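Multiple structures are listed underneath, in structure tokens.
In what comes next, chain A is part of two complexes: it sits with chain B in the first one and with chain C in the second one.
Presenting the complex of A and B:
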């Protein structure tokens, strides 16, 4: 290996860390400012236009906190009942009235590793469509909650899991659940980009190939591979060398490849576990853009340490602390006018 | 250079140890080359052993021995490799039930530690039973089998080739990052698909190392060959042994490998012709070296184009 290569990689890593720290600092500064800081509001993008649920953010914007009675009527196009009911007690499905609108829900979810309980009975609601951000300080159980949704938690032999996770109304922990089907319908993107040591093409094709009975040829797979690479915003960068080793891509490209790979399984929900924490700001921005785009056609549940990022991309937010879900609801509500003192302290950057 | 005295001493010891090793290997190789190269000729490599070896220079060739080594290695590894890889996958990816995993672990260690002549003796006891005479030959009408054939020796060779395959593969499989397994599971892949498409390909170089070590052990073993293949090097192989339709007969018959040839023709054996012994030793070394390099080369995957 060329020693210059190593040096370059080290330099890059150092730079990346600097950037990350700068990003964290700016996030902290932002969070520490006035919660009604207009820049923070501006940073929250409107929810994707193609979201199947009636636009919840638009409906809630004029309503001050606690003024549930003043919630405007839902848009005429929506046949569902009032999607917003803010005055309900904490940790209740405060933002979605109709359970049919929930694509995912945790009910009394308890997870323990070697008897050490990480989640103490969590009730989470993930409305269909849009981005749900799980936020909270380190060790609060966000990632465990996320990994329990597609049943990766149980890969650890010491894990014990109680309660329910409802996906489209059906408990994924019920007996007879087809795990492989569940994990195709609920895809996952990890913290560290983890492409397989194969070519770019094979990485994407892997998701499609093995679920087909017959091994499809490259020509048959190409349209699908090209499609998901396009949706992941990577096509233009890799279309000329699909046979390159995926590990030769940059970190940000690798993460977009992982998203493409996940999309290839045709999921309804994508779980993301701090997908940008190993990336530089520019790659982070691209992934965030992509997340918002994808949330137009599917549901994204993202764990993030980065409050600024959550504010930028989330439509809904849930705040966890020490294994309890403290508050959840419309993102703007949670971030700017939270009901709970602990949430207020957290979003104000007082800890976490 | 380190500054502290204790560090200097440590580095010094490391240098000396490394140098001693290199010198020892170089001396052995040079000795073999000097002594063996003179014997090696086309006739030596392609001829059959001559009836009398008491006089140096008329001991004939080593072709049957070379073929014998290849056969024993190939058949031994044909059993040891799939079995060893399977055991390694069981020990790393499944480990259930725990008692079976523990037992397997101990068994592998035992096989690794026991000298091959013990297995050879055990094999003799088993394969000499009459009903197993189809893998060797019956002994007259005694109801016993000779227990000396390529089949018999290969089966026992598989046993001594197994532990290196298991241990190397195990280490390599453990080295495949869990993130890749998780990535495959998260794409809705089952355990078997994940093992087949992600874990084993990722462990390929380590698995190849295991095969190389196993091949070395089998090709270098003398005790099993002597007891289960026959010590009569100079007994000429059956007429037309190289013809394909005589293959079964040949595999059921006695034979020799390079190691037994070396033993037999060395001054310690009956032959007392060190020249051919060195020549055969040199050939054995080259054969193993070629197999090593070929396997390591093959196992290195080059992913895609640059």
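Presenting the complex of A and C:
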């Protein structure tokens, strides 16, 4: 990894975050200062009746355990150290002024597998454009939350799902949702690079062929295939050998191929489930670079276990703990000045 | 200074290591001996079959593979020395038996492959877990059922059905001077072979489908494929090597099948006439393997023995070629698809 490149990217990132921060600062202040502000209320999902909207000032203070009505008892897992003083979840995200700017939102999302609840009513806001990082310790439900967005969770027969996921304002769990269309508009990149056992070309052309009415010829496909491979930063490495077996690529190349394959479906949102955890640092750096580039034209929701990575690439961040969304907002704020004690401990590296 | 009561690395016990090596050596020697023995047995069988069958090929030349006017049954016994009653010398023309094997095996493969693939998809992908758990052992039992059982089922259950429903009386009478039409015919041979090899193919295909990594399936679904298209475009593509291997294995079993076919095909060395329309499939045949079974009591006649061993040579070559061909094809498919 070239340290100069890294530094430059970090600078760009910081600038961009500052800019967003400034844009949203007014909304922040409004929300914090005046709870009756109509703008703030519009941005605020109605808090669950069990947890009355917390006083924004009180939210900063770690509340005593018993007072946190909305926080369910931590699971009886001995392996998971009881995180320091579970605090009240921040009921409302203050970083988005206009609900129309949300491309994705979870409202009271509950997911259970075989009756074991993984998500306890999560309200997540994903602003349009940029990178939203979902962070939290293992087992906190980040991946389940991510996979619930494009309705992959229900592939597990034991899963039960409640609540809403709003994509462009429409509930994807409403009846009559075209799942295939949803999954084309909300693409996904997985933790393990999973190119299909076919040529590089066929991998990229997969989604295009899938969406085409009749079978397009190779010549017709080529411009699109070349375009998405270029956007995924893989073109120069594979352009002479598109008929090579995709599985013969290196892990990092395979993951970029998967990103290209997802891009070929022309999605508005890409969900990424720890896309770099199986890769070496050099490949990770390339993918991070790619994510930042792509975030200019679409929205990326990324689950990451790597806090440093989240800090490098995220515009927004959401922190989950034991199935509850504890805090979300502008990445810089969540990482540098979190409102919640638990978040503070997590970003300080005290657990997770 | 800290002292360790035990060394940090246990020294490997010298004697134990040496004896382990010796045990390995013995084990390896035994394995090599067993493999060598197997190879020698196979080689001996091959040499023996070729040796006994060779006179049949050398005496008949290329016309061995052709067809002639004399009934195959006559040719099998008298082809070298001529008719003992002073009749004319006949050539062995084995085409009827070759055709019998080709027709029954080919028909069974055409019928069972799509059926087995769909059944495997159903069992491996679509069926509820409980149903699949119920079907799985049934398929295994069917795949392992002795072929004579299928033969019995064919002549006792299917043959009367075919005879009563598919063969009109007038047509049978019209054709009777040439050949007697019964329920045992090409069609029944194909059906019984299909019954035999389809479970084998289903078992192999279903296992392969189950082994397709979930990440590929999820990848396809996440790209907006429904389950059927995911299966068609990713799973079936991924199991191509297994498709080749399973089909070849089934083909080998079908080519070599003797008893069930002998029961089901009518076992008359007749050449079905394509001009008879669908009656083509209602005329009897006799495959190479069935011929060997049917005449296995006549080995005192050296001509018959040589001729039947020549049939055996063809079967040996075919199955060996199939096995090797399948290895090559499935390796090529794996290479192309990178079945890692």
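Criterion: the second predicted complex is superposed on the first by the 262 of 352 C-alpha atoms of A that agree within 3 Å, B and C clash if a C-alpha of one lies under 4 Å from a C-alpha of the other, contacts with A are read in each partner's own complex, and residues count from 1 in each chain.
We take it that contacts are C-beta pairs under 8 Å (C-beta built on N, C-alpha and C of every residue); 3 or more make two chains touch, one makes a residue touch a chain.
Small disclaimer: the values here were computed from a predicted structure and weren't measured.
Superimposing the complexes on chain A yields a three-chain arrangement in which chain B and chain C clash. Touch criterion met: A:180 reaches chain B and chain C at once.
Of the two partner chains placed around the shared chain by superposition, chain B and chain C are both touched by A:196.
When both complexes are overlaid on chain A, the residue A:155 reaches chain B and chain C alike.
Of the two partner chains placed by the overlay, only chain B lies in contact with A:241; chain C stays clear of it.
When both complexes are overlaid on chain A, the residue A:206 reaches chain B and chain C alike. Overlap of the chain B and chain C contact sets on chain A: residues 150, 152, 155, 179-184, 187-188, 190, 192, 194-198, 206-207, 210-211, 245-247, 258, 261-262, 265. Within the complex formed with chain A, the chain B residues making contact are 177, 179-190, 193, 197-198, 201-202, 301, 303-306.
Contact residues on chain A toward chain B in their complex (touch as defined above): 150, 152, 155, 179-184, 187-188, 190, 192, 194-200, 206-207, 210-211, 241, 243-247, 258, 261-262, 265. Every residue of chain C that touches chain A in the complex is listed here, in rising order: 213, 215-216, 218-226, 229, 233-234, 237-238, 336-340. For chain A in complex with chain C, the touching residues are 150, 152, 155, 179-184, 187-188, 190, 192, 194-198, 206-207, 210-211, 245-248, 258, 261-262, 265.
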